[in-house]
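The structures considered in this document are given below.
Below, chain A partners chain B and then partners chain C, in two separate complexes.
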Partner chain A sequence: MQRIFSMMVKEFKQVFRNRPMLSIIFIAPILQLFILAFAITTEVLHIKLLVCDLDRSQVSKEVVRGFGNTDRFDLLGFSTDLKEIKEKMKAWEAQMALVIPPGFSRDLGRGQNPEIQVVVDGVDGNTAGVALGYARGILGEFGTNYVKNRPNYTQPVGIHLVNMEERMWYNPDLSSQQFMVPGIVVVLLTILPMMLSALSLVKEKEIGTLEQLMVTPLTRYQLLLGKLIPFLILSYVELAVVMTVAIVFFKIPMNGSYLLLAGLAFLYLFTTLGLGIFISTITSSQQQAMFTAWFFMVFMILMGGFFIPIENMPPILQKLTYLNPMRYFIYIIRDIFQKDSSLFSLLKDAVPMTAFGLLIFSLSVLKFQKRVG
Partner chain B sequence: MSLSKDRISAIARKEFFHIIYDFRTLFIIFLMPVVQLIIFGYALNLEIQRVDMAVVDLARSTQSRKLVGQFSGSKFFRPFFYQGRLDDLEDLFKSREAKVAMVIPFDFERKLQNETSVQVQFLVDASDANAAILIRNYCNQVIMDYNENRGVKLPLPFDLRSTILFNPELKSSHFFVPGVIAMILIMISALLTSITISREKETGTMEQILVSPVRPLEIISGKVIPYIVLAFLDAAVILLVGLVVFKVPFKGSLFLLTGLTVLYILTALSLGLLISTQARTQQVAMMMALLITLLPTVMLSGLVFPIASMPKLLQYLTYLIPARYFLLIVRGIMLKGSVFSQLLGPCFFLALLTLILLGVSVKRFNMNLER
Partner chain C sequence: MPEISVKTENLVRNFGSFVAVNQVNIEVYQKEIFGFLGANGAGKTTMIRMLCGLLKPSSGKATVGGLDVYRQSEQIKRSIGYMSQKFSLYEDLTVEENINFYGGIYDLNQKRIQKKRDEIFFSLGMGDYARTLTYDLPLGFKQRLALGCALLHDPRILFLDEPTSGVDPKARRDFWEIIHQTVALGTTIFVTTHFMEEAEYCHRVFIMDAGKIIALDTPTKLKNRYKKKSMQEVFVTLVEKQQEKKTNPMPDSNDKMS
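Now for the complex of A and B:
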């Protein structure tokens, strides 16, 4: 016990002596939280719209006004040259063009169904699809109003419409921060313990102090425990800091149980600390450890449902995400924050996550033993 | 004393051996982009499909079944009938068996025949706001289709033709392959250079090099040249995989892309240099480089999320992200066939950023030496 304690003191001293590292550990995550929480929105706004109004009539102007009245489109200019559309898109100056043909109002008045053309830059498929949807909506509204305002318009008899009444549960304001901030917490709880433990073990290896430690009366377990407990504590401090910022500054509602969250975070830390030890056993320099950790991180973040919804992936890749421990914890933490889920309803994520954690942790410890033994 | 080619190439050769001997890092550097490309190319799909929808059909009539049929027929929804109590609907959201529930009232059929409108309730699990907005829009669309099929919608007085340029099938891989090039290039150039210089500092070999007759500028050039080559090779691999596996078109000039890629690599290298002048140990350099390059590049450059939708303050911040400009360049050249005169804006900003970064880091580097 005494020995583990001295080892821990040494680790803490090493961490706290390294001022730049300390600020990276504590200030950087908060900065990231501020930036990322606002950046992640898949909502499409301010589409750059080029208008080619070849009709220049009262009616066509009304069509254009429909696009100007919303923050979904930014009207950036008018053009009469259709060739210009493609060139402007190539220079990233326009994303969509609205082409109203000459004689539009005349043909509309005669009931000859003139053709409105919408040209969209398809490079960003998601944005393009959404933009087309917006355009259809605005034009549809214009069309319906136009028909209704015709002098000879009569309300068709027997209109029985089905209408939608929607209830948004858990998040009636539809703020994306509520969803993303708990995700960022998981990312931090992954990066920090994994990097810290891997780098600190490899550093001892690289500069030769690991062998010095091995010849001391410390057993290997004591060595590992002394190394890991400080990082465990640091991770919890980090968790507390980030959650305070999230709850106080971002006003993220925390509906669930703090105790449950802390308990499951402990189980998750087995995985990330275990991965850190594992990385340290297969690498021999800090640079290698760094790159290996990076590799794991990118895989875990991209395939964990952090910002790419798992449900949208092809089935094979969806199955692959079951191998990703982060997947489970992201679901867990979001459900606790937003839905106040109980341990019982989280079991289907908590069990595989714990299994992964214990497996990875014990295998890494065994491997570490062999390497040093 | 002028810059000597021999001395630069000697340092470059030493650095090159460092890279080659570290087989594992090299392996990751080349495997990584391919893995990322595959994940991005296949997995990154922001459009939601096959949403699980619980249906509570209290009416059990012909019309209500038709409404459910309209939802099963759309590719967005996978409806299933929920038999439990209405009060327990929330359990479906908690266990994530459904993301949306549709409640058809028991007087649906009667109201549909006698009244102008009938309300159908949709309960959406809005924990993921972005998904909830999409689900709502899809529901709306299906309802509109249902109304239209029953012949109660006004026909539009004009035709609407939509043309999609450059990527008519709206393939996300076409969008992301060039994006991965931008991401990998900055990671490798900035991360590796920042580590290599701080490693010399940490192990004390920097001072040994400094007392040798090599000038600081020669050290820097010698150190970065191998990484320029490495980054270039990596870019070529990604490009090749993208063109062959994902069949991403290449419409513009390869020559122009090569030239501007050099500019971008220079920007990334100057960023790496700046980091290395700040950091004294490898650990700090790595963490700083990761924090500055990885997440901001993924989140703030327009790689995934549209910049125009971000809050204004954050939009200004994106001007500092080199990948923002390179994304416009590489996507423009590859997918649209943009020419140089159409990319002047991004090129100018990228060049400006490089000059500033390089200026500051050379100054700091010299200051460090004098201390």
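Now for the complex of A and C:
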């Protein structure tokens, strides 16, 4: 017990004396959070808009004028072909399209609520979200003016005058803050434990202190526990900090149980701490360890559904994501944040995640030997 | 017959097809300073690592303190001290913190750690540096601290791999002073060095070349045998002889060719 404790004390001292490392650990994720949050809320201008006016009436022209009168949208032109919309979006020429159905003005005049289709290119979820917001505003304004200009119009002031149907072709979930911030929690619980454990073990290898420790009676379990427990604690501290910033500052709704989140995070940490140990056994310098950790991380993030939704990947890659423990944890975290899921409903992700974690962790511990060369 | 601390029989270690330690047989006695000489790459560190349980031998036998290096390496680790060739204390911890840390790792109680700390501070003259980061210590003191830490748990056998490399002559003398005191208390010392005047301080020396023993005796006997005044000359003569053997495996074949 004293042995593990001595290791822990030493580890904490070293972490807190390593200023550059400390700032990377604690400031980087919060910075990330801020950048992401602000990048997402900044104003988006000159959205390339295609109009498909199948009604060709005075009223429909009025709607289009509403979109032309602002520098938020650049009117690209008109089209009568729905296929063209798809093609132009694929070619990155249009970001949004407005489809005004035939009979729009007639239905509106009769007090029925006609539909306007707004098609948004969901690849850039952030822009798409903002564009939709603008469109709602412009259509709402149009509705108000429409009622104002027609004194004998009997409908109540038309807020629901125009219904929209939005279609996301690429990114059905519309990544937004609500979607991204829980993702950052996952990335954090990946980078921090993996980097800290890999770098600190490899550093000891590099400077020779690991060899020194290996000729002491310290067992490899004591050595690893003494090393990893401090990183586990630091990961939780950081998790608390980032969640506080996210919830208090960015008002990200957290609907689920904190206890459940902390418990499942613990199971996920087996994977990332285990990977850290593993990396330290296959590298011999901090630089190599850093590169290897980046490699693992990029793979996990790309193949985990953080940026690219898994549903939109080619089928082979989709299958490959089942091998990525991060995939499960991203689902778990988003479900806890957004849906207040119970442990029971999360089991289908929690079980494979834990299985991977225990497998990776125990193989890594076995690979970590109290010998050199 | 003195008690045997370290014994090897035909000990071999290969790295791939390269033989770093080749069929080495030695016996080291209790309370002996056993010097281990050899050019760079001779296999000294490899030999020490095998004896400390850091490296598995490829073949042969070895016991340390009567314990087998294959099966009992963890028990061996309780009774040995090791100072590796590379300085390996934590430079971002203070002198005091390093001592406390290793004391904790060796499971010494607080009283014992305190006592050892005082010993290192006073007898090794490090009192002024207690709160200094190890990084900022002069090299001579770093080595001394490393020795102090390797001795915290009163090991019966101490392995020192080039403990004085890079240290000035005065600091080296002081260091050997401590080694002699330690031996007087009953510890066996197994030490590698490149400094021939240090070889003179050893009870017996063992000269190795390319993984093989080329000489093993007391410094006096070696000097007499090769009719040299110093170990320096003995070493150079022996190593040169080996070189000749390697470049001219059959000396007279050259004559026939020309």
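We adopt the following convention: the second predicted complex is superposed on the first by the 234 of 373 C-alpha atoms of A that agree within 3 Å, B and C clash if a C-alpha of one lies under 4 Å from a C-alpha of the other, contacts with A are read in each partner's own complex, and residues count from 1 in each chain.
Keep this in mind: contacts are C-beta pairs under 8 Å (C-beta built on N, C-alpha and C of every residue); 3 or more make two chains touch, one makes a residue touch a chain.
Just so you know, these numbers come straight off a predicted model, no measurement behind them.
Participant: Thinking of the overlay built on chain A, is A:7 touched by chain B (first), by chain C (second), by both, or by neither?
Facilitator: So A:7 only meets chain C here.
Participant: Once the structures are superposed on A, label A:70 by its partner contacts, choosing first (chain B), second (chain C), both or neither.
Facilitator: Neither partner.
Participant: Looking at A:144, would you say it contacts chain B, chain C, both, or neither? Reply first, second, both or neither.
Facilitator: first
Participant: A:257 in the overlay: touching chain B, chain C, both, or neither? Say first, second, both or neither.
Facilitator: neither
Participant: Between chain B and chain C, point out the one touching more chain A residues.
Facilitator: Higher number of touched chain A residues: B.
Participant: Which of the two partners, first being chain B and second being chain C, lies in contact with A:285: first, second, both, or neither?
Facilitator: In the superposition, A:285 touches chain B alone.
Participant: Regarding the shared-chain residue A:57, is it in contact with chain B (first), chain C (second), both, or neither?
Facilitator: neither
Participant: Given the touch rule stated above, what does A:18 touch, chain B (first), chain C (second), both, or neither?
Facilitator: Once the two structures are laid over each other on A, A:18 reaches both partners.
Participant: Starting from the residues of chain A touching chain B, keep only those that also touch chain C in the other complex, and list them.
Facilitator: Shared contact residues on chain A (touching chain B in one complex, chain C in the other): 18.
Participant: Name, in rising order, each residue of chain A that touches chain B in their complex.
Facilitator: Spelled out, the residues of chain A in touch with chain B are 18, 20-21, 24, 28, 32, 35-36, 38-48, 74, 86-87, 89-92, 104, 108, 111, 113-129, 132-133, 135-136, 139-140, 143-144, 146-148, 156, 159-172, 174-176, 178-179, 191, 195, 199, 203, 282-283, 285-288, 290-292, 294-295, 298-299, 302-303, 307-309, 311-314, 317, 331, 334-335, 338-339, 341, 345, 348.
Participant: Which of the residues in chain A end up touching chain C in this complex?
Facilitator: 2-3, 5-7, 9-10, 13-14, 17-18, 207-209, 211-219, 370-373
Participant: Under the stated contact criterion, what part of chain B meets chain A in this complex?
Facilitator: These residues of chain B touch chain A: 22, 24-25, 28-29, 31-32, 35-36, 39-40, 42-51, 67, 90-91, 93-96, 111-133, 136-137, 139-140, 143, 146-147, 150, 152, 154-172, 174-175, 187, 191, 195, 199, 278-284, 286-288, 290-291, 294-296, 299-300, 304-306, 308-311, 314, 317, 328, 331-332, 335-339, 342-343, 345-346.
Participant: State the interface residues of chain C toward chain A in the complex, per the touch definition above.
Facilitator: So the residues of chain C touching chain A come out as 15, 49, 52-56, 74, 77-78, 80, 82, 84, 86-93, 97, 100-107.
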